[in-house]
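In the two complexes that follow, subunit A is the common piece, with subunit B as its partner first and subunit C second.
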Partner chain A sequence: MLSVIRLAWRNVGRNPRRTGVVVTAVAVGLAGTLLSMAIFSGMMFQMVDNAIKTDLGHLQIHAQGFNKDPEIGLFLEDKGAPEIEAIQAEAGIQNWAPRIRGEGLVTSPSSSVGVRVIGVDPDAEAQVSMVSGSIVQGGYFDQKRRLVLGEGLARRLGTEVGDKIVLSVQDLEGDMNGTALRVGGIFRTPSAELDRSTVFLELAPAADLFGMGDSISEIVIVGHSRDAVLETQARLSAALPDREIERWDELQPLLASILSVMDQMASGLYLIIFVAMSFGIANVLLMAIYERIREIGILLAVGLSRGRLVAMVICESILVTLLGLVAGFTLALLALFALSDGIDMSLWAESLASFGMGTRIFPVLTPADFTIPTTVALLTALIASAWPALRAVRLRPAEAVRHD
Partner chain B sequence: MSLEWRLAWRNVWRNPRRTGLTVSATVFAVALLVLMSALSTGMWEKIIDDSVSMGSGHVTLTGPNYLEERTLEQYTYLDAPLATRLGENPAIAGYAPRVNAFGLLSDADVTRGVMVIGVDPELEKSVSSLPDRIKSGRFLEKGKNREVVLGGRLAEILGVKIGDQVLLYSVAYSLESAYDLFSVAGIMHLPDPALDRGLALISLADAQAFFVYGNRISEVAIRVREADHSASLAEQLGSSLDPEKIEAHPWPEVMPDLAQTVVIDKLGMYLMLAILVIVVAFGIFNTILMAVLERKREFGVVLALGLRPRAIFRIVYLESILLAGVGLTLGLLVAIPLVLYLQANPIPITNSEEMAAAFEMVGTDPVIYAKLIANNPILSALTILLVALLAALYPAIRASQGKPVDVLRSL
Partner chain C sequence: MTETTPILQAIGVRKTYETRGVETQALSEIDLSVAEGEFTALAGPSGSGKTTLLNLMGALDIPTQGEIRLDGENLGNLTPAELSRRRLHKLGFIFQAYNLIPVFSAAENIEFVMELQGVPHEERRTRALELLESVDLAGLGDKRPLEMSGGQQQRVAVARALASRPRIILADEPTANLDSKTAIRLLDLMLELNRSQTTTFLFSSHDPLVLERARRRVWLRDGVIDRVEGGAAA
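So, the complex of A and B:
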């Protein structure tokens, strides 16, 4: 067997032209496949990342029942002290921020709009959401008793930075409660929904408004990565049995479903790319072996056994394919490195230019993404070389030598 | 020239195996390209279709500034001549007038803020998927007054069932308080949790009476027969309407988030298509190159017989063009029926309960759709033709470069 491998290896080196063509076919096919997968995963990743960075976070802690019916009466007492203690015991948590979350009505001189009212600790919030970095007018809580709202909402209300608006809500007791505040800043995020329907104010005035005292509605947590928070979630749930600890995909089941639907669609597209790749490889290998039928005939004539001949041909194909795989991985990694700043989609679509980071796709490849294309390529090489080799050795040497 | 054509044509058929492999590379390239673009077109058409049928249609007619402010102050009218025009327009599959407002809905001691939509029970069915989302009871009916249809979670929170009465409270257009009792006729199951706990439908006539709105409406949702025609229909309607009173918006203006996602995704898809083109281009290039290189001896012989290198170049290039032509034709013959078949018989995805639930949640069916638009096979074929013409260049040059002596000696 060892001699077969040595023979095969020599053959690979003996015909650099043929080896070159096969290696290119495998390398380009594989690199293309990997790049497509990376771009698609990157798109999905970006979608989730936008949602997580906008205001969702990786995890949220609530009182039981809040996720089903987000009501101001379901709160965490004492500024969430026991929850914060549990959070601080966790190594996997990067940042967290307390929030008060309720509903209210904003009235400007020209109209009134129903909104989500979110009370935040400005510094902590800046660590978990992109709102602080998305201010397009005014400032982010740089003055007292200001509120920050989305561009879409500002347009609906016809207000600008510095204008006074009235925010009225139903407080914990069920009484209507109102306060006048000035607009301190206007933000624009990739989520038009958020921009159209949310006002942020500081935690203290929000607590006064809702009559919450020391209580808060939720704690938003950002961990190191989406996978890492799974364990964090499990440990927090164990530490805080009477609290709801929800992951982003549980908080936004619609988003999670869209992702799995897109994933399913992607498998159809991957299939097409795999077919394209294996076809390119198979075609070249078939041709490379057919053109050697004469050589095979000579080897048969000088007495090489049929089994060893087939083994040699297959061995050669696998060796060349392996070379192609190495070249393909290198090519793909180089391309990914070149694209590590992301592909800016707004270059091609002017309509996206105003959305900032949300329109940049960062190709993502996980080690698992390498396994399927590699297996497909090797299997293709095996089949595409075994089949013609088996046919060729069945010819009589005299015929094979005459073969064109 | 005609001799070269004849030689090329004969060469093509002289080695059926080689020809078969080269042609199949082109067939596959065209077929895969057509299939991939049809699948991505189909996927987006489906997602847009599902979204507009939960929302405000492919094209939405509204009063001026409605999209910016979305309050009762921005209204329009659907008068009889306009209704007739919409009904007679062959591009329109259905239209439905609506009143969109906010209100508080309560049952005994629980109160929730909800989005109240007044709909025409009959016309709504031709536009939206809401009437199909009833999980218990029935949808609104013409002639029945003061009935309401609720989202599933909203009904749960309020603790009401079919036949119960709920109190709707709001501020009318006249700025007076408005309140009335409605009886629950049906309960919907809506995939979006925010809608499921915050949507109440009443009849258009009730809404106009409740909000003291007269004949005013918030919007007319229009469903088109061909999704591609949304923008042109909006433009056509917009130019014939009085912009002081009524505006026509295609769905991307009404749902900018979805439009943004679609644009990003389409661009991503073009990138993937470009990569696919590169992969198949190399497939074609490698195959032609190999087919030409294995004929070194043959070229050496004809060179020795006195054929000029330039003639060899032309013959080999002609062969490649012939092969590409055959491959393109066969590719389209394979791909177009396949895509048309998939368009008529979408591939069901039935691998898990979980998946089915995910599709349900998004409000779409667990199937993979393909959709053929005329541009797509034409563009695919042209791309592959260009690729083949470029790919054949180098092998043809190589073929014409050998010296007869070297070539003959090397074998």
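So, the complex of A and C:
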């Protein structure tokens, strides 16, 4: 068998230009796909990461029904004491923060805008969200009775830090309730949506405004990693059977479905590229067989079996493909290395922000980005060799040795 | 003299080629035996059926009718895989030209056959060197076929044919592409192998240089044996 592999290897090297063309095709196709996948994954990762770090966390605890219809009347009593007890029993949880979440209307001297109103415990919130670190003007609750809002919203309202605006909401009883607060800080996150439509205030004034007393709307939880969160969710659900414990991807199913579409797109892309390539490989192999009919006849005459002849053709196909894979991965890794500081996408900043992405994209590669194309490519090599191999074994020795 | 089983036997062999509905009768009513130690040539003009008969005797093709027996075994009863094994272990081939695998060196060409036979690495190496020496090519083992002359290539082909320790070597016009001096050198080498090691040779050739050295000449004409000159085994 070794002799057959050596023969195949030498045959691959005998027409460097032709082999080079196939190897380059495989390499460029692979590297191109890999790179675009890495950039897409980087964008997706960032999108999800930003969503998790600005709003979603890894898990959220709510009263039953809140996720379907987030109304202020569905709350956790007693500042979420039983829930906090369950959280503290969990090793996988790094940070958590209580929130009140409702809807309201902010009015400035020039306009009014409907907003999400979120009451936070500033210290706890700073541990689960990047908003506190994204202040571009003013501070993050460094003074009492202040509002913190996004840059987009400030622009819509025409307000600046220090300006007074009125926040009105419908309270628990269904009555309108309002209060005037000064703008304490303005933030800018990668999420244009958050920046445009959210106001934060401290838990106590929010509770007053909504008439919630000691109750809160949710507890947001950040664990060690996205992946580890499944087990934590399962245990918390068991500990708190009458609460909704939901993961980021359940809270924001659109994100999850974008990610799975991405995965399918990747597989589809690889499949298309390699199917196209398989015709190229098959064609080159076939040419190589036709050029060597006499030589194959000699091989058969000296006693090479048909099985080994087939093995030789398959080996040639696989070796060419492996060369392409190595070259492609090298090319892709070099490119990724060059891009390791991230890709500056500030030209498209606005459209990226509307998807919740920053202007600097870091390409992301997972092990699957290597294993999937390798598997697909080798399978392709195998399939591509079928036809040339069939041509080779169909040769009749007596005719092949006479061929010129 | 005791009667032994011939190495190769053609019994009532007929071969008909069919191309696009046209039948060509290449051989008919061929009866021929080749015994151990022979140095025999199939002679005759071009198109008389020499190559066809040699290919049939060498298990490269199957007769339309009749039997080819190798050491008494009817090749018609064997599967393609078994035929391949007979070629590997019992038969050696030398063709007119381009006998060698161009991507292998001379030594690798010789070793390749032994590798297919499963001969261990060390033994292959030494034997390849011995064989190269026996065909006067010592020191040229690392040369690729294209770096060698036609005569040298043919001698590597002889060494390769010997490598598998075959029962018989079939040589189809082995001198056709050589000048007479080179041809004589090749033929004398083969004769020497035949004498000293009783390697059996069956040629197909219309080259007088081959025919004058052959101990027996089987003349073909239009696919039938016309006459036989010379005796059987020496």
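Here, the second predicted complex is superposed on the first by the 226 of 404 C-alpha atoms of A that agree within 3 Å, B and C clash if a C-alpha of one lies under 4 Å from a C-alpha of the other, contacts with A are read in each partner's own complex, and residues count from 1 in each chain.
The definition used in the following text is that a contact is a pair of C-beta atoms (placed from the backbone, for glycine too) under 8 Å apart; a residue touches a chain by one contact, two chains touch by 3 or more.
Since this is a predicted model, take the numbers as computed values, not measurements.
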Partner chain(s) touched by A:366 [first = subunit B, second = subunit C, both, neither]: neither
First (subunit B), second (subunit C), both or neither touched by A:143: neither
Contacts of A:88 with subunit B and subunit C, given as first, second, both or neither: neither
Complex contacts: residues of subunit A adjacent to subunit B: 17-18, 21-22, 24-25, 28-29, 32-33, 35-36, 39-40, 43, 46-47, 68-69, 103, 111-114, 155-156, 158, 190-193, 253-254, 256-258, 260-261, 264-265, 268-269, 272-273, 275-277, 279-280, 283-284, 286-288, 290-291, 343, 345, 348-349, 351-352, 355, 358-359, 361, 404
For the subunit B and subunit A complex, residues of the former touching the latter: 15, 17-18, 21, 24-25, 28-29, 32, 35-36, 39-40, 43, 68-71, 73, 102, 113, 153, 157, 191-193, 197, 256-257, 259-261, 263-265, 267-268, 271-272, 275-276, 278-280, 282-283, 286-287, 289-291, 293-294, 347, 349, 354-355, 357-359, 361-362, 364, 366, 368
For the subunit A and subunit C complex, residues of the former touching the latter: 2-3, 7, 10-11, 13-14, 294-295, 298-308, 396-398, 401-402
Subunit A-facing residues of subunit C, complex: 51, 55, 58, 60-61, 80-81, 84-85, 87-89, 91, 93, 95, 98-104, 112-113, 115-117, 160, 164
